[in-house]
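Presented sequentially are two complexes of subunit A, the first with subunit B as partner and the second with subunit C.
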Partner chain A sequence: MKYSPKDYALALSSIFEKSKDEKHLISTFLKVVRKNGDQKILPKILEVFKKTEVRKNGGSHIKVEFARETKEVQIKSILKQFSPKDWVETSINPSLIAGVRITLDGEREIDNSLSRKLHKLFK
Partner chain B sequence: MSYDIIEKLKKEIENFKHDVEVENVGIVIEASDGIAKISGLPNALSQEILIIETETGDIPCLVSNLEESSIGSIILGNFEKVKIGDRVRQTGQVLSIKVGEEIIGRVVDPLGKPLDNKGVIFSADWPKGSPPPVEGGSSSRGKKLEKAENYPLEKTAPSVIDRESVRTPVHTGIKAIDSMIPIGRGQRELIIGDRGTGKTAIALDAILNQAKDIGRPQVVCIYVAVGQKNSKIAKIVKILEDAGAMKYTVVVSAPASAPAALQYLAPFAGCAIGEYFMDKGKDALVIYDDLSKHAQSYRELSLLLRRPPGREAYPGDIFYLHSRLLERAAKLSKEKGGGSLTALPIIETQLGDVSAYIPTNVISITDGQIYLESNLFNQGLRPAVNVGLSVSRVGSSAQTKAMKKVAGRLRLELAQFRELQAFVQFASDLDENTKKKIERGERLAELLKQSDREPVSFEKEVVVLYAGINGFMDDVPKNRIKEFETKFLDFLEKMHKEKVIATIQKSNELSEETEKNLVSALMEFKKIF
Partner chain C sequence: MSELIHQLGLDWKLLASQGVNFLILLTSLTFLIYKPLIKITDERRRKIELGLAGAEEIEKRLKKIDLMKEEKLAEADKNAIKIIGEAEKRGDKRFEEILKNAESRASEVMIEAAQVAEQKKQEELNRLTEKANTLIKEAIVKMVELDPKYIDEKLISRAAEVIFANGGSSSGEKT
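Let's turn to the complex of A and B:
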């Protein structure tokens, strides 16, 4: 039977709660993934696992995209707005042209980029 | 001119306000063969239109599967432009097509976009102050028109209370059908047969004949081409244009080259157009050519959406797909405007196998079927209708009194002829009565032969069939039956138009007096034939 990344992530998350030896747990988990020939989906498993852990702790997965390289101070001031429980990822996305876009749990977003404004203008 | 445009644009940019707000968003996580899997958008509705923002522009898609963690959607555009990571937004609208009187005479795709190079369909969509893009694009231009409305492709069928029984005929102009397998306005009559047996020809004749059917309200015809060759659709449009039938016809085209999504939506678009006219109190006739290809396109989409396959790999809801489409054909009650929507679905069988999955489904949904046989077609009997296997369950109540008078005996005579047909080769050993019956039957079968694109108006059908069943053709050689028919109709038109043809046309009856006039006209004609 083939396991989905979600199956792996949920299994790992529930074992994590009980186990104390994290190193041993991770190595055995990787062995199981390898045995099933599912190494290719490891990045997806990791992403789902992160989301699950963040949600379990009451936080959100937040993606912050900047149009170009931004000063460290500015990034910090934005990141300060979020709770420590949140998992915040930052990246550079030149297709935004200018501005910033923040996505919450891949479901809701605040888009203050120039590309969105232009899109709305010429709609 | 360019200065004006720039100034206008400047103003628009100056006045543009963008409020930052939290929006629901989805992300494409899988895209293949016209299907996109989307994560996010937890509030998406089934059958809602979503917009995929691709690098080259917005592409709409239709929500089809609502799953635990993702949405399966059908892309309604160029799916090759959609890539993983594209953002998806909700519109809050279900799929609909803009319909108005101006759509008559046009060739459109299932989303309502014109395909006939006649420009924008609705006058409300023309740029302000500019003349219509092409003169004469729509037959209705210049008249006072009702406002165009958006009609949803998926709609619940009229309820029992809103309906009335079928009582007005839709004359196809084909003698065999109008007399023995009558169709009423609001009925669903299946046309079924192998490839190349003349299914489309019957449907086309039905459209062409609507111009000739005087005395009843004009029927608006909608021809839906699903998975047909582009060349065939172009030929059909040309035939309709040449015959002047595009004045009351709309063609919805989803050819074989169109994505499966559009082929799946085409019959629903045609039905929505028909419903618009039905709701306005008019009569509409919609032809689905054909539902076998429609079922195949739905199977393709369902398998790509990973829905479990059933018999012949069709999904479990294939019956419901066709039943909900055909249930929308109805004759509305007076309170609802009294309009009607007649449906003529077409099914192509493989080697005459009517017991396959889709044919049996559609046979059970419809109110009867016109069964065409390749054997009859090859024998030269055209239309190749197998009168024994064809049936119309409700049409007889819509038949005119004049037609009823001749049709009852015609059916009986032909049934007796079929029984005796096996003895034709022993003709010399048969008694006089049987011989006569066989000869009458052969002449009637000859009389029912008809070339395509030559529909006969109802009153002419009545007089010709009257002559046949009352023995006025018994002494006419079989090879001269066609000539007798043509010349007799010509004679009636010139000599007895008012007393016979016009009277039947007006009253829809064959009264004793008209019958007397018809008999004397027949006697008179036989002297000169």
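Let's turn to the complex of A and C:
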């Protein structure tokens, strides 16, 4: 790996600022990544890029994990709490047993899952 | 006088020759037998006297040696008693030390045994507590899995309230 995903993401972000020809930029960027043999880290690059862009626009990267398939109403009750600038990812994590865990920018966490409550109760 | 000698039948010459013979014999016997005999006798007497004197000396020395021996024996007895006394004292002291060490070691062993027993008891208690916790957790999880909707709703609603209370994505904390 010649460059880190963060380096690629920052480079991509900076060239987007300078030029408006998105298709051409993306094509060139992918060529460079392929040339460096870094195709494997492409998902990671895109994730870092997305986070960078979200932060640049004043938003947050929010991961919402539910224990199981949840009613739309409940999902909306959570999602409506966030700004449209935020990038919200939802996923299902059965290890939570019940409830929800929300992570903001990979730093702050609101863990209202049964798994955590049981852990706190029996630690 | 000569008449008397004549009447007695004595011959002067014969008497003189016999006298000379006697003198020669006496002189010869004196030098050849008497003096050597006297010398031998004196020598023997001297030897006997010396022997007697030596015997006395030996006896004296023997007595002295006996006395010294008795003194030495008495001293040896005294020393032996002293040594035995000291050895007994040392033995007593050593015995006390050994006894003290043994008591100390026994006490340590007892403490160690008590600690080990306590540790084992604590470990067993922890194991049982852990097992009980696991069983309770499993029971709760199974109960929740039977009807997860209610508790899910509650927890999600509570999370939404917390996010709302914290001002959305602008701040947050672990609850």
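The rule we apply is simple: the second predicted complex is superposed on the first by the 122 of 123 C-alpha atoms of A that agree within 3 Å, B and C clash if a C-alpha of one lies under 4 Å from a C-alpha of the other, contacts with A are read in each partner's own complex, and residues count from 1 in each chain.
In this section, a contact is a pair of C-beta atoms (placed from the backbone, for glycine too) under 8 Å apart; a residue touches a chain by one contact, two chains touch by 3 or more.
Bear in mind the structure is a predicted one, so any value in this text is a computation, not a measurement.
Participant: Between subunit B and subunit C, whom does A:D38 touch in the aligned arrangement: first, second, both, or neither?
Facilitator: Neither: A:D38 stays clear of subunit B and subunit C.
Participant: Based on the superposed arrangement, let me know which partner A:D86 touches: subunit B (first), subunit C (second), both, or neither?
Facilitator: second
Participant: What is the contact status of A:E53 with respect to subunit B (first) and subunit C (second): first, second, both, or neither?
Facilitator: In the superposition, A:E53 touches no partner, neither subunit B nor subunit C.
Participant: With the two complexes superposed on chain A, say which partner A:I78 touches: subunit B (first), subunit C (second), both, or neither.
Facilitator: The answer is second: A:I78 touches subunit C but not subunit B.
Participant: Mind telling me which of the two, subunit B or subunit C, contacts the most residues of subunit A?
Facilitator: Counting contacted residues of subunit A, the larger count belongs to C.
Participant: Answer with first, second, both or neither: which of subunit B and subunit C does A:V100 touch in the superposed model?
Facilitator: Second partner only.
Participant: Applying the touch criterion given at the start, work out whether A:I110 contacts subunit B, subunit C, both or neither, answering first, second, both or neither.
Facilitator: Touch partners of A:I110: subunit B and subunit C.
Participant: Once the complexes are superposed, what residues of subunit A are shared between the subunit B interface and the subunit C interface?
Facilitator: In subunit A, residues 104, 108-112 are touched by subunit B and also by subunit C.
Participant: What part of subunit A is in contact with subunit B in the complex they form?
Facilitator: By the definition above, subunit A touches subunit B via 6, 103-104, 106-112, 116-117, 119-121.
Participant: Quick one: which bits of subunit B touch subunit A in the complex? Just the residue numbers, please.
Facilitator: The touching residues are 12-13, 16, 18, 20-27, 39-42, 53, 69.
Participant: Please give the residue numbers of subunit C that touch subunit A in the complex, ascending.
Facilitator: 133, 136-137, 140-141, 144-145, 148, 151-153, 155-160, 162-164, 166, 168-169, 171-175
Participant: For subunit A, which residues are in contact with subunit C within the complex?
Facilitator: Of all residues in subunit A, those touching subunit C are 59-60, 62, 66-68, 70, 74, 77-78, 81-83, 86, 97-100, 102, 104, 108-114, 118, 122.
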